[in-house]
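Here the chain labels run A, B, C and D in written order, and each chain numbers its own residues starting at 1.
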């Protein structure tokens, strides 16, 4: 069995931007992606299954079991088409990360994606009052494009490495000619504690980068609604994250997403 | 070498129900499946070998060695055709679970299976006097179909995840349009201690779900007869289960099968 | 890169018996195979390389480096053709054992092998004065064929499982219609201590089973000559064996070869 | 996703010698390779990506992220064409080493390489005042070719095994008819401490072996300039090396490169 993307709705998109928000430090990326899907009333059009996820099914409160999966949502507007990639988990094996991200990048290319923006948390290891947004790009010219967006490109935060999908998607994207930006919200770094403040800041920067309006007033309420599923899958993320951390642990690897 | 299913007898079945009972917590699924095979005088028609099993052969008391394997049995009746999947072991690697279950689901589809029922134990971590049957489905409509079967669909037992073949078979089955039901008998949760009471309850519910009569009076005697082989392979299961538990360990993952 | 068998000399054999003697407990199989190759002046005709061996090269005393490998030797006589499989190591991963043994069995089939005899040590965990030969077969009819060869087929030694190549080769051989016999010499079970007595007993039984004469008087001297290389690669075997033991460790799994 | 070599510039070379210098003990090979690239003003013509590297991207000081990779550089002169293989990392899995080195050897063959020279450090486990160069070859005839080069071919240093790319490249090279020489500079053996003295000695021997002149006076300065990147990726190497050491650890396996 290989990592597979099932397209459930054929949809024609015009050079969409792809936003990735998978589980990670502070759940920042995932919560931000979930909020966007909710606010923009995005529709699911594809699912990704992988043998590199934990070998289990999750049960909803109604006892309906489903495979661990990632999901692709789309949003069409006259101004901008957007694809969001979110999901239950990331790979539990190092080479699985490469396989999954490689499939995603090929899929992105096939649907015309010109830029991938990955979202995550940047673990400070201490309480953060006003989270800043730390960024990375996959080609120099983007630094100029985003210089006025308030993103800290390493001036105050010398990030050494980005572990997992948020890193590999922009790294592999480059080899396929797709531009990549990674936005990381400063957070305490407790894997199992969702950080709404960091997600709020990431969404704020993202909406400015995309040039769309996102009403963030409902974020805390929506996060509460997401809590049931988050609580359940956080148990799974804990395992997945401990693998990720094992893979990238050192004093410079504080970002995982 | 890939996971391979060798068909040893070509047999035409009419939309059979596939029952899975592989080694797991309390050996509930495996013992229940073994009893069905015995009671219904089912015949073996296929074997599954996999490089994701432990790299060893088991010796019978006659010093005849055989590869670890899973086996498919069939039962034909005017009313209902049944296929039972049982075996010595499950995968020892996470992605091996996906590979094996994916092969089984493709095979199920090829022989016309419309529904998969997986059997297992639900670890309570304490003595259980009157084991209940906890269930999960892979599509909502089945909850209605089975609402009068006495299965607890999460009301008293909020199951979070189902690890291993019993979970993946119904999860992957869904992506191939095959309905899935998982029946778990409450048990103490000692991996190496076969629990006849839980197996009895699972078989009771299963016979009612299938609408067939199963005389359960011989269960304890048959379990005793199975003991020699069970004792031998339990050593192997111990290793396999410790892997499964490592993959799914947390306070919500109490079911493994 | 896949496990590959390089044929270095094309040779036509008439239904040869294949003897396997790879590193394992007490080095019994490897030393016995090495002695046969030496005594029968067998010639190498194929080599096996695998990505499932340790990722290193071994240096001879002349600083010439070579990949870890297994080797196939042949012996032709009017009465009987023999192929011996020996080598530096076994797989370090569980599924690697399956891949390597599967390649060997396909190769055996291609060159007309009708029977595989695997050699190894049976760890007693205590000093053994007069090592007996414990045996296993892969089909019942062979028990009759070998009933007068003095092999203990589990009467005194109930062997539970056989881990590694000696087990898998006869297990996989069965699925390809190749008969299989495993001969294990009782030994203390110290992985890094070559046991000449057990090797002597295994060779004694093997020569009787094959119906050939083997002068065993030079065994101890030849073992001394093999010592340099054995000492060097024993370091590697230690790692490989600790993997094998981890995979099969329990009170019934005392045989590894 | 497979290990892939992307050719970025098509270049015709005449029987080039390939020099490998990847991260390892004392960073000897990598620093020596880096210095050669710098001194000979070599140009990059290919990149290698692999799913067997750590699943992360590295960020430069300008916040530009890039995948972990190896790189091929070339140098053309009337007298001799040279290809240098260097990079951020080696495989983190045992079979990944085989896959990557197999791809490199196939690539080497395709571009006409007749000889591979691998560079590394030989861990003495103690302070080394005047590092000697310990060598290994992949075919006996090379011992004669290099007998006057001052390389110690195991007389004083009986090397048992060479772990990782420096070993596998010459081992696999042999099976493709490519000659191989491994040069190891004696060093303390601290993985994370670059050893300029050993790199100097390796470069000295290498220039004599290649018959080219290399001005080594800038070595210490260049190493300082490389320090920023080395410091960053050393964190990654630490993880990779601990894997390598785990794979080859014993009193004879002191060389890793």
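By definition in this document, a contact is a pair of C-beta atoms (placed from the backbone, for glycine too) under 8 Å apart; a residue touches a chain by one contact, two chains touch by 3 or more.
Everything numeric in this text was worked out from a predicted model, so none of it was measured.
Which other chains touch subunit B while also touching subunit C?
none
Is it true that over half of the residue numbers where subunit A touches subunit D are used by both copies, so same, or is it different?
different
Distance-wise, how many Å sit between the C-alpha centres of subunit A and subunit C, to the nearest whole number?
It comes to 51 Å between the two C-alpha centres.
State, to the nearest whole Å, the distance from the C-alpha centre of subunit C to the C-alpha centre of subunit D.
The answer is 36 Å.
Treating touching as the only link between chains, describe the layout with one word: line, ring, star, complete or other.
Topology of the interface graph: a ring, with each chain touching two neighbours.
Kindly provide every pair of chains that touch.
The list of touching pairs comes to A-B, A-D, B-C, C-D.
Per the contact definition, I'd like the list of subunit B residues that touch subunit A in the complex.
Per the stated touch rule, the residues are 91, 94-95, 97-99, 102, 135-140, 143, 153-154, 158-164, 167-168, 170-172, 174-175, 180, 182, 247-253.
Within the complex, which stretch of subunit B touches subunit C?
Within the complex, subunit B contacts subunit C at residues 1, 6, 49-59, 61-67, 92-93, 96, 232, 235-236, 238-239.
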